[in-house]
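Next come two complexes, and both contain subunit A; in the first it sits with subunit B, in the second with subunit C.
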Partner chain A sequence: MTVATFSDAPAATRQRPVAPLAAAMLLPIAIVNAIGFLAPVANLFRMSFNEATGGGGLREAVTFANYLAFVMDPFYLELVTRSIGMSLAITLLTLVASYPIALFIHRAPAQWKSLLTIVTVSPLLVSAVVRTYGWMLILGDRGLVNGLLTSAGVIHEPLRLVNNTTGVVIGLVEILMPYMVLSLMAGFGRLDRTYEEAAQSLGAMPWTAFRRVVVPLTLPGIALGCLLCFVLAVSSFITPKLLGGGRVFLLATEIYDQAIVILNWPLAATMSIVILAIFGLALVAYTRVVRLLD
Partner chain B sequence: MTIDRRLFIAGLAASALTALPAFAQDTSLSGEITLAAYSGVFQDNYTKAVVEPFMKRFPNIRVNYYPAQSSAQMLGTLRAQKGSPQVDVALLDVSIARVATDEELFVPLEAANVPNLASLHDLATIEGVAGRGVTFDHLTLIYNTKAVSPAPTSWNDLWNPRFKGKFVMPGVPDIQGTALTVIANAMAGGGDPARGLDKGFARMVELAPLVQSWDPKPDAYTLVINGTADVGVGWNARSQFYKDQSKGLLDVVLPKEGSVFQINTINLVAGSKNKKAAEAFIDYALGPEAQKAFTETMFYAPTNKKAEIGKEALDRTAAGVMERMIRVDWIALAKLRDKLTEQWRRQVLPASR
Partner chain C sequence: MMTSLIDRDMPTIAPAHDPRPDHLVLEGLEKRYDKVVAVAALDLAVRQGEFIALLGPSGCGKTTTLRMTAGLVPASAGRIVIGGRDVTHLPPYRRDIGLVFQNYALFPHMTVAENVAFGLEMRKVPKADIGKRVAEALALVRLAQYGERRPRELSGGQQQRVALARALVIRPSILLLDEPLSNLDAKLREEMRTEIREIQRRLGITTLFVTHDQVEALSMCDRIAVMQAGELVQLGTPFEIYERPRRAFIADFVGRSNKLDGIVREAGVIEVGPLTLRATETPARGTEVRISVRPHRIHIHPHPGSARPHARTNLLVGRVVRTTYVGDVFQYDVDVGPGVMQVEKPTAAGPQPISRGDEVELEWSVVDTLVFEDRP
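Our next item is the complex of A and B:
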């Protein structure tokens, strides 16, 4: 009884001032978000119901014509499936490429860990545009890869590694890897070398130990990394634009074309809302997966 | 006494100056106007050739140059400022000017206030556009002089298999893609572009497998100069600029079949707070002096018939071969844009994968 009152009282006094303080601390970011995110999205939502009058004209209206046009046109539906499919493939490749790195860094001695992490994350110091231009040089007809293969006599005609889907996939996987590695490492908290040793001492081969012990323990990190990379891949615009050679159509590049080149703002807004809905679905899927894991 | 004499001399000098037409100054108008036009090299040259001489002529008017990346961006700015326009004069592409005119962002020019309208080429007046053509540019064939010999002379050379994987150009919906399709359509006897470009698209399908990129980055000129591509398509004014920049590594061809014009228009923004000064600027920009100066610095063909262009600039623009140009109604094509984009994606792109 006394213990209860003793522990209850400070908790109550502690909580009362904390709530307004928390609210006050949240206020700046809430304002920034309201001005920088919610208002533009609301504006976009409104724009998606306006009417495009052809040749770039715009009329204020409340019409579902843009959504209908989007749903009825097989080209746009293919755009959605292709964007999602390609982003999933890119996410998977990024995971495969990043997992060993993340595991290696996680197991590295403490004094090396931070250095290795910095090295992994350092590509983020250079903007994605610059890195994409780098890939154009490496993958181009006279680039590093084609140059090496040609001088080695493996090929005679340059391989088409850029200005197509291959180029976009290679570029995006590299650009997303730091995000994946960081997310994986964040989710590796429960992973301890002793579990693996225990599994092996009980007769598991290294591969079995990895499959049955390491992977399940690191699933939260995998889920987080995949969500992040998927969302970044679906919304990526610069890399597909620069490496796609006008042949790779994704939702984000199409929004650019509709808004800037064809000047159909209502349709561009409609597609932006569709992308937002895809993000929402990805988030729902992520929460489900996390709940399942728990 | 000395002061009086100084004043007298100054007055004498001033009257002598105003008597000379080259130094004619007009102080009746004053205030500040804002010109929205393209950024980059265009801004540098337009400021030198037109804006600064205008401010010398009208010393009490200050022109602010608001640089924009593209016509579409200018349209966005004009739409956002509709209630209280900060821009007085907008220089942008004709099809976007049409949209802005439809949305009543521009007001028509009056011959009484803009006397130079009378001496413009007939192509400079476009139905449904409030302003007038201020520059003519045309589609050109560009090539790397080290890699390509002999020089191409015809658009048909682009279909030559020797350029397979070595040809770059921006595809539809960029208007360079539309422009080449219009030319191909005319060469294939396709008739009025406004009725569709089916024959042109059939030719583009044949071209598609030879193309390295439909979206050259940063642009076709750079890729031709650095050897990533051998041939490309570009706009004359920029091509001429890069020809000089690259010391002739890139060269420009106006093919024998002619080309199509891209037209930039100059427009008076509705609700301009300084309409008189804005009109004075538009009149100056359309006048023979500014047209000559800008043509000779940047190789856009003049829209004013009275502009007397020097020999060198004449050879490097389409001003001397106006009759060879293929007529295209960009406004009619803008209405077909969705259809053309669809046709491009369903016919041409699959052939280039």
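Our next item is the complex of A and C:
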């Protein structure tokens, strides 16, 4: 999922054999990846075929019991569909909220661009946990939003904005926006004001010019941002746990519960592998889209 | 040779009456950016079917004028009328213009045919007609076979022609071109000049053409509007602009010229240091003026004294300080005292009669002695 996929490099240069030096330079990151990613995943994979013995114990075995348990239980299947559905909705909302910001920054004069980018990315300096607590304060029954609306006389009963899906969606959208904005901007390379001007000179009204010219030219950024945010949304568990108030059940929160609370590690590992499979599917979809755009 | 110089008349400027009505009118058009005045009170009337060049050095406001006409930047003051309709406050998509950008701005995500069809789709032209008109437009620019290609699979010149087809297919009321040839190599540029002019004539479309290339302006256009620092300083046919530039700036910018500074001593006589030169028209006595003479209008005599002085010619003795061979012409730099003048002679087979260090005599008609009060 590298950005390099978008480069207009002719196929010939892309297929050039990797130089020995370049291969040598890739070695450190390959080692780090092997230790930090491949080994743990392999471990998870192995564990998902182990047998849970209750009370946190597990026995080395090759059993499909965990997968069977997962597939047979409608609760788990619902977790999968809900996780995917909610993550898609969150991704879409994040896209809608971030697109104007990314476009604005892209069009800002050069001297403002870096400042605006820093401002957009600055929420990342505060941990997602802290920001989630912030949202709990803002969205709570006696929080900022309800307080303001009540004192303005708009509502008499507080709106239920936390401890439910609404809270999770609001929190995650905000938390994911910086990633989306950055991805969009990375993919805005081909966008140039003159394309819109050309469209308008040909009789396109601003909205039509946006739809027919701007959106297609920014699709690489949209695809990249959506992939990234979808993956992050599916795998996030702290924000759904806190803003969901234990009432929003998702794949990631369930993994946390199985691993930390119930101590059924093999089942947690099984669900982790399921999430990985979902990521794999997302990646395939992304690759398809990018190839289509090329 | 002598007689031809003496007999040379003032170039007659035929004020050939053009019966065509004005089609594009810019009235007191102005654009200010904070303190910068990009375009100042510009008046210009382009006749129906006329091809006018906006010519001037970088930063003189050509693009700004064109973009105001297209509606891409709002005018600070003034009026824009296209075909009798005041469009000053209309957005670009309601102005009925065809626009060709310097970088072509072809939509990279569409094929050539889709690019050309875009404007027709915006105009809700029926599907069946779109195909036909796109094919016609592509044939017009000799790219009939290229409809399915992507813009990036075309050469610069081909992209240029697609941009032209895309702008013309909508049959706009006026065509606006911003330096459309500046990204092409010299040979292709020459071809495209003829081609654009040819297409423009055939369609009879009123055209405003921005360029900083004087050769382009002279060779392609009916009339040239010369701009300097946001102002329109002269509007005239290529002949008028070249032969009777109204300012030293124009003489300098359009074509090449030799410059000498002097003072008017009496009507028709100018003192340039120790030299005395004649001109047909001079401002009041005592005025400081700049004299300008085109290099190829000067005759060079290898032997001083061979030309006889005459009231209708200027005669100067000088020494050749440099000779340059440029293929079709020889350039001689001749030191005449108050300055060095460049003279151009077509090359001929055989040895060149003049070499560096030679003393020579320069002679040119008073008619070719341009006198200006501005000294840029």
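Just so we're on the same page, the second predicted complex is superposed on the first by the 272 of 294 C-alpha atoms of A that agree within 3 Å, B and C clash if a C-alpha of one lies under 4 Å from a C-alpha of the other, contacts with A are read in each partner's own complex, and residues count from 1 in each chain.
Heads up, the rule we're going with is that a contact is a pair of C-beta atoms (placed from the backbone, for glycine too) under 8 Å apart; a residue touches a chain by one contact, two chains touch by 3 or more.
What you see is a predicted model; the values in this text were computed from it and never measured.
When both complexes are overlaid on subunit A, subunit B and subunit C end up sitting side by side without clashing. When the shared chain is aligned, no partner comes close enough to touch A:Arg46: not subunit B, not subunit C.
Residue contacts after overlaying the shared chain place A:Arg288 against neither subunit B nor subunit C.
By the touch criterion defined above, A:Leu242 lies against subunit B but remains apart from subunit C after alignment on the C-alpha atoms of chain A. In the overlay built on the shared chain, the residue A:Asp192 is in contact with subunit C alone; subunit B does not reach it. By the touch criterion defined above, A:Asp141 reaches subunit B but does not reach subunit C. In the superposition on chain A, A:Gly203 makes contact with subunit C only, while subunit B stays out of contact range. Once the two complexes are overlaid on the shared chain, A:Pro216 sits against subunit C while remaining clear of subunit B.
Contact with subunit B, but none with subunit C, is seen for A:Leu263 once the two complexes are overlaid on the shared chain. More subunit A residues lie in contact with B than with the other chain of the pair subunit B and subunit C. Per the superposed model, the minimal spacing between any CA atom of subunit B and any CA atom of subunit C is 47 Å. Those residues of subunit A that touch subunit B in the shared complex are 53-58, 75, 133, 136, 140-142, 158, 160, 163-164, 241-242, 244-247, 249, 257, 259-264. Those residues of subunit A lying in contact with subunit C across their complex are 8, 190, 192, 194-195, 197-205, 208, 212-213, 216-217, 293. For subunit B in complex with subunit A, the touching residues are 70, 72-73, 75, 79, 95-96, 98-99, 102-103, 165, 170-171, 173-174, 212-215, 217, 227-228, 331, 334-335, 337-338, 341-342, 345-346, 349, 352-353. Contact residues of subunit C toward subunit A in the complex are 70-72, 91-93, 95, 97-99, 101, 103, 105-109, 118-119, 122-123, 152, 166-167, 170.
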